[in-house]
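Here chain A shows up in two complexes: once beside chain B, once beside chain C.
Presenting the complex of A and B:
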């Protein structure tokens, strides 16, 4: 093992260089304005700009809803594939990979076509109210639908990899023979062993929703990423400052989520 | 597996009632399939239908045609499509090659803090696409960027708003995506395999060439496909950075969706979307059988 060390540090060093330099340079760019010297104006301006809080809140709500829906759909399905329905496995695999072959911009082209049906064909049916409701600007549920579809391949991959490392059948059989019901076996025996995969899924989904621009922009909603673009186009320093801030924000949220996961790991370990 | 079955066979049929039949597994899969049919299937079919439909301006009647598709494979649209494929292929290959050593370094690191920090960072950076990424690189390597100015890169012919400029920017989210994708597979490589190879006199290179890489091949291919799809679909980064300096199909679709097309070609955006789907579908058709063939090693 010891002889691998220099190689490993070289890899880490190069990676750190490539990934940190643009971030450091962005910070320098925002605080070292030519002709003004060092200034933090770009950062103080952000907080006083309209729409910062509301767009961020909307993004967080969308992320929470998306994570809940995607996990509720995929966890039972992937566990069932391991236990009782292995023959459905190729079907689910293809279904969960299909969104990969439809890029967001093609997907949004399809969604906007469907949404046009509302006023065009369905205005006299009860379905029209549904179309209106899912496009409510306060909480556009149509974005949750789109984001869940976009998250499917990544979450499926993460859950599948997690389940591969766990002998689900033995776990469930052990729990069942100890008298646990099916939901108990799932929640108390299988899920704790999937903690890493579940957290990974939540990470990916959260980051996907917070950074998503294409679908929400082309459908005309204003979550955080779209707000950044709208507000950032005006001034170079301000736009880069918002970018730095959004990265830090995402990072903090993910770290909070990671430490929450770490804490439950210690409390739940082999109690 | 065999042991369990034998155990059941040998056990006296004293309490057969206790061993209830499991709930049919497909019931748990149904909600997922229904959801995808509605949220994904309907828009996809609408796109497919629209790609073959043209609306007569005078009468408002729709008719089926292949005109949209023909238009989407000519002139500027064709250039954009090949440009996108080339850019995605180059960035995905580079991302795979560079992501693998980084993931291996992370997975074999004995410090748990390093491992978690890098994986969390990867989760952030893999999704640090879009406009923030473009702005960060413009601030770093753009014409007035910090590095460009301090190192006088423009004198050496550097231009961020070009094919290779975009590759460098795309790698910023493709490499972390590769790390996230391949790390579970690398964790699945058992130490016993390396030890067995060493005991048989294999060098490190031989171990990687004959044991690790064949086992990792499906995951690597899977990662490559994810990276290709990710680069192929990227829109916001390119839109904010290069405008139309590098022809890309996503930029053309957004352009067409916002109505910037000739009369009678309103549905060309949908036809272009279909072209993108076909390209990405082709890649998947290569990937899925390969993956199924060798996924058993990490089971």
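Presenting the complex of A and C:
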């Protein structure tokens, strides 16, 4: 590790304080109950509280589905953009940035308006069943659709940066002249070199989905973030404990993803 | 497609390649304007020309990466114009480093065999054999970023040869390398090509490179073929003024046509090749054919000299302002200082003439 100069230590220390003090305060709040001393009751209580497992599982499932959909959508799109239509890039960039500009409240208002078309106008058409299916509380696919849109700006940027670092056209052509068909060239020659970008996209999407509250709450579903808020209304200590736990959980998931990707990368670059 | 069983040596029948009135337009620009060219079996043909002359487009059409607006590409007499790139049976080495960064040198070479579903053991041994062929037998486990530019292009060459293609396509494979590596690698490419007897097309904008390694050189300009000939013929008897000036160095000296002869520098010399219609012409001369003699009374002056080793290239400014390049042996060149008066003459031989260029 590079030697850190004193002023760097100062900045590092300040940043650490800024992050760690609230965290430490949260932890102290959950374990130090007035009159009882130190206790881990708040944490043990989580597991027995109704809805913890199911809401967490729902969030993870939603995250997995969102990652799959957004990558399947954007990877071919960005590669095609790079190879076939570089002039369309600014257009796609603007479109993918729109979700940053539109506030989630407006977004969810639009979605619920559209969902109301189901009972209002479409009740006699087969499409009605589709509207019912995507709002299935066990797995509300409408949330995946919403999250895909919300993840677009992050995933697009991560993929674009990754694609900039490799000469996609030459890689594809080299693969093609080695007898690879189009899909083979994409999967065998381009994707392995986008590993970093794909992992980044997955990280960002995972973090986004685990923490998303507005859309899922207003549409009436209960993934993890909504559940935390609901629980907090009744028991403040429990809700903070859950927040701390969810923070740790997100970290662990990100670390797991990073080490999974990182390990294969180091073995790949070893001579 | 049965690239798995045969050995390197049995390439008794090399392929022919033919371009038939190939035309390609990109919007308003015409990259290829009716290119006709036939490559003989086992031949090493260089496509030479200034950038934008369509040489790379022609090569990419043979590889299947570009499609002609009209015309056709034939390999062994078979029209392959509609065959997709991955079934063309053409190995290609690219200008930029094109190795797959996530694969070792060995896996890069074996990539094509993997696409053809060759068994692991067989493809590893075949890839190792090819790496040995390009002199990198010990570098199989290295990754592209651990190899020098020259080594990367060697691996790319091995990769291109792995499927025993019918034609080998080289798209300026040496232009990213430094001068020394460039020389050794180009000799090696030539040696390999002779050994394998594979029909090869080599795109370059470097005329020295083209002349030194190709069996024949096709000079292109503005999407058309200017001349296709053996290097010596191309240099000695260029068919057009463009070829004459693009290949090697040429000076233009104003002269006056008179029937089949031309009057230049006070001499009367026969004209070689086509005689233009105009009477005011330029005589095209190579620097090694220009005689320069020190002469205090001469109207010509030495404008610049540069030392080339065995010879000195002297830039002479004639009385009328025309600049002529001449190569003189180093020991004579030493006597020609800047501003020295000289007399310029041409040997009594037929000369090439071209219509005078409008300034």
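For this structure, a couple of remarks:
Keep in mind that, in the parts below, the second predicted complex is superposed on the first by the 257 of 271 C-alpha atoms of A that agree within 3 Å, B and C clash if a C-alpha of one lies under 4 Å from a C-alpha of the other, contacts with A are read in each partner's own complex, and residues count from 1 in each chain.
Assume a contact is a pair of C-beta atoms (placed from the backbone, for glycine too) under 8 Å apart; a residue touches a chain by one contact, two chains touch by 3 or more.
Since this is a predicted model, take the numbers as computed values, not measurements.
In the superposition on chain A, A:192 makes contact with chain C only, not with chain B. Of the two partner chains placed around the shared chain by superposition, chain B is the only one that A:26 touches, whereas chain C remains out of contact.
By the touch criterion defined above, A:166 reaches chain C but does not reach chain B. Of the two partners chain B and chain C, more residues of chain A are touched by B. By the touch criterion stated above, A:184 is placed in contact with chain C alone, chain B being left untouched. Once chain A of one complex is fitted onto chain A of the other, the partner contacts of A:251 are limited to chain B, with no touch recorded for chain C. By the touch criterion stated above, A:81 is placed in contact with chain B alone, chain C being left untouched.
Once chain A of one complex is fitted onto chain A of the other, the partner contacts of A:49 are absent, as it touches neither chain B nor chain C.
On chain A, the surface patch touched by chain B in one complex and by chain C in the other comprises residues 173. The touching residues of chain B, when paired with chain A in their complex, are 4, 22-29, 31-33, 35-36, 38-40, 42-47, 50, 101-102, 104-105, 108-110, 114, 116, 120-121, 123-133, 135-141, 144-147, 171-172, 175-176, 180-181, 184-185, 187-188, 222, 225-226, 229, 232-233, 235-236, 240, 250, 253-254, 257, 269-270, 272-274, 276-277, 280-281, 283-284, 288, 292, 298-299. Those residues of chain A whose C-beta lies close enough to touch chain B in the complex are 1, 4, 7-8, 11-12, 15, 18-19, 21-23, 25-26, 28-30, 69, 72-74, 76-77, 79-81, 83-85, 88, 90-95, 97-114, 117, 145-146, 148-149, 152-153, 157-158, 161-162, 164-165, 173, 182, 200, 203-204, 207-208, 210-214, 217-218, 225, 228-229, 232, 236, 239-240, 242-244, 246-247, 250-251, 254-255, 258, 262.
Taken together, the chain A residues at the contact with chain C in this complex read 166-167, 170-171, 173-181, 184-185, 188-189, 192-193, 195, 268-269, 271. Within the complex, the chain C residues that touch chain A are 63-65, 84-88, 90-92, 94, 96, 98-102, 111-112, 114-116, 141-143, 145-146, 156, 159-160, 162-163, 169.
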